[in-house]
Amino acid sequence: MRLESFLLMRHEILLTVALLIILIAELSTENKKKISNLSVILFLGVTVIGFLPVPEGLLFGEMYRTSHLIVLMKNILNIGTLILFFQSAEWIKQTEYKNKVSEFYMLILSTLIGMNFMISSGHFIMFYIGLELATIPIAALAAYDRLKNISAEAGIKLILSSALSTGIMLYGISMLYGTVGSLYFSDMAGANLNTPLQTLAFIFFFAGMGFKISLVPFHLWTADVYEGAPINVSSYLSVISKGAAVFTLTIILYTVFYSIMPMWKNLLYVVAILTMTVGNLFALRQQNLKRFLAFSSVAQAGFILLGIIDGSGLGMASVVYFVLIYIFTNLGAFGVVSAISVASGKEHIDDYNGLYKTNPKLSLLLMLALFSLAGIPPVAGFFGKFFLFTAAAHSGYFWLVFIAVINATISLYYYLLVVKAMFINKNENPIAYFKSAFTTKVGLLLCVFGIFAIGLLSPVYEFIRMFSNIL
Amino acid sequence: MDFLTLFVVVPVLTIIAIVFTKNMKQTRLVAAVGMGIQLLLAVALVFMYLAERKAGNTSEMLFSHSYVWFESLNIKYNIGVDGISVAMILLTGIVVFTGVFASWTVEYLSREFFISLIFLSTGVFGFFISLDLFTMFLFYEVAVIPMYLLIGIWGTGPKEYSAMKLTLMLMGASALLLVGILGIYFNSNAGGGELTFSILEISKVHIPMAAQRMFFPMTFIGFGVLGALFPFHTWSPDGHASAPTAVSMLHAGVLMKLGGYGAFRVAIFLLPDAAKEMSWFFLILTGTSVVYGAFGAIFQKDLKYINAYSSVSHCGLVLFAILMMNRAALNGAVLQMLSHGLMTALFFALIGMIYGRTHTRMINKLGGLMKVMPILAVSYVIAGLANLGLPGLSGFVAEMTIFFGSFQYTDVFHRVLTISVAASIVITAVYILRVVGKILYGPIVNKEFLKLDDAHWYERLSTGLLIVGIAGIGIAPLWLSDMINESLSPIMHQLLNVIVK
Amino acid sequence: MIDFSFTILIPLLPLLLFFVLGLTSGKMKPVLSGYIGTLGMFATAAMSYFVAFQYFFNRPAGAEAFEKIVPFNTVWLNLTDKLHIDLGVLLDPISVMMLVVITTVSLMVHLYSMGYMKGETGYSRFYAFLSLFSFSMLGLVLAPNIFQMYICWELVGVSSYLLISFYYEKPAAVSAGKKAFIVTRFADLGFLIGILILSYISGTFDFVSMTDPQGALITQGTPLTFMGLSALTWALALIFVGGAGKSAMFPLHIWLPDAMEGPTPVSALIHAATMVVAGVYLVARLFPLYYFGAPDVLTIVAYTGGFTSLFAAIIACVQTDIKRVLAFSTMSQIGYMMLALGVSGYGENHGLGFTASMFHLFTHAMFKALLFLGAGAIIHAVHTNNMNEMGGLRKYLPITHITFLIACLTISGIPPFSGFFSKDEILAAAFENNKILFFVEWAVAGITAFYMFRLYFNVFWGKNTNYKHTPHESPLTMTLPLMILAFASMVSELIPFSKLVTSDGLVLHIQTEWIIVIPSVLVGATGIVLAWLFYKKESAIPDKLVTTFATTYKWSFNKFYMDELYLFITKKIIFKRISQPIAWFDRNVVDASMNGIAWVTNKMSDSIKGLQSGQLQKYGYVFISGVIILAFTFVYVWFK
Amino acid sequence: MSIHEIMFFLFAGMIILFSILTVTSRRILRAATYLLFVLISTSGIYFMLNYQFLAAVQLTLYAGGIVVIIIFSILLTSHINHRFEKIELKKSIFTIIAVAAGAILSISTILSYNFNTKVLVTENPDMQLIGTSLLSYGKNGYVLPFEVISILLLAAMFGSIVIAKKEKSK
Amino acid sequence: MLSQIPLSYFLIVSTLMFFIGVYGFLTRKNLITILMSVELILNSVNINFVAFNRYLYPEQLQGHFFALFVIAVAAAEAAVAIAIIISVYRKFMNIDVERVDTMKH
């Protein structure tokens, strides 16, 4: 193993280095603002370097593998995290968090490392550790807010649910190990997996992933955790964490479980319908915006399954593309909610009545983001959804697509409720006008850019599509 | 930059310009100028189109351009026009332009209003120039969604409810549509070629019958809902009633035409075999629409409801004619779209103006307006007469073409349907005259009305332009009808093939 | 033979006037628009006379039959591969005759209205509408094809509507206009469907080729049948429905009496002389087709005409509104014309009914316009329509009186006035063909004389009523038309109709049949005498009669409750039983089911909210159950 | 019955018994103790299967480490003498149904699968093998997870700190 | 001999243990006892890995190492979980799982 080959895993290495630098900085300075700025700048560097081209390859005896697609996925996650950092800069400056700035960044970075390893894993051990590394610190982050009861509640709900799901998943993995004899992905992909026990094991495994992605019926933690956790953590959970899990699930389904594709297609069919429908039905009745976005993200996960279900390069491309769009979109929505929450402490839909009068730009951005989530052109969400549906239709699942679009219509209903609150409803005391900080603005503007550009500029999709073929 | 793309670019530029305006006066001026340019473009397009045809260009679509957009999915930004789209673009140009003037006095959030309005029109223009199912669908949705804001913010009455209902029903319909489009797409390689969204290419492919059977109802209903197909029309009365003037105009005048145009260009053109096979069922539905809408209108008390039901009836006629699938009926369908577009726009414009003055739309609270605002009242009578199919106005031309086209079938089923549909013209007369009699004629019911003034210059401009359009089609329909007729050849070719098989 | 292509100007000139007057309405001085309208009409009339003269009397030597000339024709709209709608001009004896009738009466009415409408608001609007009507009516009669006729048919309908509702502030006028339009429109639906069928089987709209007795349609007929009758029969019957609607034949007549709410000159022009005879004209236009293609329908035409003439005459006897009396009289007279067509044969001397019908149409136009204009002058003078409030007017309105008397004598069929000749021909035609109808018509002639002179005596004789303002004779603009029309009524028998207007264009030879002439004159005279007895002075006889025939009187007075029947159908059936339920259905079933979807969704959302209980262990339970159910399903179902 | 069998049934019995006790005991400290017994029995199984290293790790890290912090936390948060209320019958029945269904499904599926048991190599893997595997970066080398888990532990540490950290002077 | 004990015995034991753990997770009221149930679950999985490794694939030590890492991760997880539990205790003044339900529906 040559030293250059470490270049292959530069994402993880760079992140680790950044993590350590922040740790050292934390030890050497009291100035939290500096740490914050340092972290953002460091991460900016990491993100930029991540885009430099590198070859594909395997490392550590197939423990770690990387390809252009995987690098792309990691870059997508990096971009999302970068935007999130911009958006959280203002939030983290609040007094109640003042002494935990560096921990926030370190925990986020460590989960990101976990996710990167998870995506790159070539062995179930790496996958498992990556998964845990991507989960445990988030639980800590969910309980980050010392002053709020719900924050602790969110933390405990997340970590215990995740422990249960991991346990179930591990049981599945152990059965797979018992039947195949190896935990290497490549070995498992070559083995016969079409027996009842392996089906059972697969479903146990799938449940664990379903937990991460918030698929029904494994989603129940989602809303409570999103509501209780600090808003930027919810944002991170709903976007980056979910995105990483989607990537991982797609890769594993497409490689490891390729041989039992007919089976998991059926499974996804059922779960997709459940997820979209239940997510929507719950989202309908929400009044708290964070909770609202939580259920909306459950529903979105259901849509993503429509891309995965295709099982070909087309499906992969549509999933990656959608997640990319979803990151910008949902970060936009969360970003606005976060900015308003920081400025006024309000998170209720009714509080948003008449928001357009006082904060037109934020309202417009939130509207754009919601429309993108609903899949309304010309914003990117439309393209994302359309390609997901195309992927599902490619496999002949026309009725599934139909159900999905009907669900998209239901989702439009509740997104419009928020739009209605901001633009139509009258309010005596709307949230007062406030000026957002520079970093927040940058974070939000990036989202606007993404929401418009990713859809209309076809090279983005073509780029993803190009790499998705070589899976 | 090719000519047709200007139809999308100009509205977008107008929107950008509006963003930088300072007050309502500037805003509306910019909007008027932008949409005026758009109207001129549309007129120019008509002349260019006719000149090109005269010069002997016989290709199916003129001015067509194709730019690869999403290469791997073979999605193209593919545009082009035939006589039908040219006609629809002209219609849209007129209605949008007059719509701007009809909303001349919108003060509340005027910038946002005009932006939404023009954004909507962008979608409509884009829809009519599209030759690619994907872009077509995209523009379709672009056109639908601003409706929510336009009705929700600037509407009247139970506006939130109506706006929501309208949006959701139309979006629900687009669910069917989307599946239909994807279904067509994934069957477009039946002839051995590659998958494509291009309408022209798909039209040359014979899509397998099983697929046609599945996707024809989807696309037809999908578009049909926008064309107020019974029993999916209920968004229309509420939506129209709550919408502000210009929005009602645009919606009934143009947006509902998207349904007819789409059903024609996608459902019938691309899936002709299934269309033939299943037309009987939808003919019954649309026939019901026509009669039902007309009867429904008789009983209404709100002017806008009357018009909305009347639109259900007339748009039902469009779909009915489309399903008849012969040259004359299709020609009539397009004419009816134009005619209905103009006259409904005129109707809604006038209702808006009357409402703006009297603050009521209830026919029992209105009366004797002819005395107070003769210009508006006369315009209203003209719109009404056009609606009931008076010769010399556009409605007559369209209806007659449809009836004669539909009557070409020799079997009892089609004839009975045609005759029952034709009977609706009597019912139309009943409700139109009822309204005219109640609100315009008779003694003035409210002393307050005496203080009201007649049409202002901008109102005269918009109603005048629409009346010119209505009378223009009504008096000299030949060029228009021939332009459309010529463009029907490809689809007739398709349909004839079906009969041969 | 001269080039007739300028005839297109005859309808176009009024159209131009309509646009000019309509657009300048309210801006131009009213008087000026009166002058413009009248002058324009004068020009039109002059052209028409010129055409008539050229057509009838300046024929190439040796021509036997009158030709059908189409001097102008242009495609207006292509419908199907075969069918195209043309606009153009067709000159043949009946259309040329109609040109004369229409322009004459129209000119008279234009002139008359300058006095009658003076000072009315909407004076220029009135002239604009008159021009519109003239255009439509001229277009109708000149139509070379049935579709142009239909177009103009609709346009005269709307002009009629607009003019009836001219006093739009009067609710009665508004509803009368509405009624007129809707009833005729309903009939027009029949016309339209008739055209649909006819054009389908003949492949053309063209009158000339359609009515050619040697043409394919007549000689070959059509194999299509429906419910035992040939398609042609259906088509013609439906077309007749259209004609019956316009011409106020029973039972589609109910609009006509109400239409009297319009200004009196309008009643004279539209509802007496021209538009209402359009139905007659239509049947005459298609006469060969009726005669050869569907003789059954022709019988229906005859009976409809006969019945209507009797029915309307009876009602006219008891009406008190002078315009209504005239309206029913019009119906009755049109019934005559229809009947004449119905009993007519084709070609040579069999075409007597046809010629008689056209002749009567002509004379009727003159004397009925005269009657209406005279009535207008009376109303103008006493400001009421009710003849019970009039009396002794002969002193105040001498010219009106004389002309009115002439008109009454004409309509009563007293020689030597023109009505006598035309009615006589009709009776002769009926006598040849159908004795029952002959006797009916003979009786109606007597009733006609009775009710006309009832009117005459009531208005001009009888006791002097005390008028608020002393009635005075109308200005010259009004009396001049009266005099002209009176003159026309007296002398129009001099026009050799039997030579000019015949069913096949050839000369018709008429012999005077004394067996018909004498009874008809006698019955007319009897009617006059009766009226003289009853109404010349105060008399108790009418009241006695009323009490004797109380029920008949009541039914007759209420027009046999036809209006009530229609009201029942429209209000109770269409409005209450169809429209209202549909409106209800739409809101409460169709719409509610759409809302129901939303409601169900919300309910579902509500009912599953327990899933999200906030209890970590319940979450876990769902999770585990989900895994187990999925696993069970896939392990057991997938592998079975 | 061989010594192995006796050992197995002993450990298995203990595991099942103490597991049940762990999840049913109404005194929390006792539950913790039972958990300890389960963990020890498990390590017994590992010994029996001749994985001494793993058994040792189990004893030290699991039984020694985790149970100890659990007990600490119990002491911090509960009264020692506190007895839990009984579980609702409904809840417990429903849970038992679900759990039993799951267990039956799993076990029946497992039993239906034909594991082709190989010739057992019963010797304890060489300590050296374990060590080199752990640090090898080739196939079957575990240096990467080994390194990553250090980050995990670091992150867990931060996590705990974040939660526990108090605000600075206000 | 070890071979006298079939592999399935181990699997049955571990499965039972697994579901007992699940039962505990779903019924215990105290957050710490729930955590203990989680440990049971993880342990049962470890038995699986080890037994499979020994019986079926003794040439490699994949199962063995997996178990090892599971233990390590379990420790980290337990640490964070306990930290959160203590935090919950501080705010709710008890650690009854049924009372930690302020967010619902």
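We just call them A, B, C, D and E in the order they show up, numbering each chain from 1.
Criterion: a residue touches a chain if its C-beta (ideal position, glycine included) is under 8 Å from a C-beta of that chain, and two chains touch if they have at least 3 such contacts.
What you see is a predicted model, and the numbers here were worked out from it, not measured in a lab.
Trainee: State which chains count as neighbours of chain B and simultaneously of chain D.
Mentor: Touches both chain B and chain D: A, C.
Trainee: Measuring from the mean of all protein Cα atoms shown, which chain centre lies nearest?
Mentor: Nearest to the common C-alpha centre lies chain B.
Trainee: Taking CA centroids for every chain, report which one is farthest away from chain C.
Mentor: Taking each chain's C-alpha mean as its centre, the farthest from chain C is D.
Trainee: Of every pair of chains, which is linked by the largest number of C-beta contacts?
Mentor: D-E
Trainee: Just the number, please: Cα centre separation of chain C and chain E in whole Å.
Mentor: Averaging C-alpha atoms per chain gives centres 96 Å apart.
Trainee: Averaging only over C-alpha atoms, locate the centres of chain A and chain B and give their separation in whole Å.
Mentor: 42
Trainee: Between chain A and chain C, tell me the centre distance in angstrom, where each centre is the average of that chain's C-alpha atoms.
Mentor: 77
Trainee: Taking the mean of the C-alpha atoms as each chain's centre, how many Å separate chain B from chain C?
Mentor: Chain centres of chain B and chain C, defined by C-alpha means, are spaced 36 Å apart.
Trainee: Hey, what residues on chain C touch two or more of the other chains?
Mentor: In chain C, the residues touching two or more other chains are 598, 609, 612, 614, 616-617, 620-621, 624-625, 627, 631, 635.
Trainee: If a residue has to touch 2 or more other chains to count, which residues of chain A qualify?
Mentor: Where chain A meets two or more other chains at a single residue, that happens at 125, 129, 132, 136-137, 139-140, 143, 146, 152, 155-157, 160, 164, 168, 175, 178, 196, 200, 223-224, 285, 413.
Trainee: Which positions in chain D are in touch with at least two other chains?
Mentor: Where chain D meets two or more other chains at a single residue, that happens at 91, 95, 98-99, 102, 105-106, 109-110, 115, 140, 142, 145, 149, 152, 155-156, 159-160, 163.
Trainee: Where do chains touch, given as pairs?
Mentor: A-B, A-C, A-D, A-E, B-C, C-D, C-E, D-E
Trainee: Going by the contact rule set out above, which residues of chain E touch chain A in the complex?
Mentor: It is residues 11, 18, 21-22, 25, 31, 34-35, 38, 41-42, 44-45, 48-49, 52, 56-57, 60, 62-63, 65-66, 69-70, 73, 76-77, 80-81, 83-85, 87-88, 90-92, 100-105 of chain E that touch chain A.
Trainee: Can you name the residues of chain A that touch chain B in the complex?
Mentor: Going through chain A, the ones touching chain B are 317, 371, 376-378, 382, 386-387, 389-390, 393-394, 396, 398, 401-402, 405-406, 408-409, 412-413, 416, 419-420, 423-424, 458, 461-462, 465-466.
Trainee: In the complex formed with chain B, which residues of chain C make contact?
Mentor: Residue positions touching the partner: 26, 75-81, 83, 85, 147, 150-152, 154-155, 158, 161, 165, 168-169, 171, 173-175, 177-178, 181-182, 185-186, 189, 192-193, 196-197, 199-200, 570, 574-575, 578-580, 582-583, 586, 590-591, 593-595, 598.
Trainee: Please name which positions on chain D make contact with chain C in the complex.
Mentor: 91, 94-95, 98-99, 101-102, 105, 109
Trainee: What residues on chain B touch chain A, complex-wise?
Mentor: Counting only chain B, the residues touching chain A are 69-73, 75, 134, 137-139, 141-142, 145, 148-149, 152-153, 159-160, 164, 167-168, 171-172, 174-176, 178-179, 182-183, 185-186, 214, 218.
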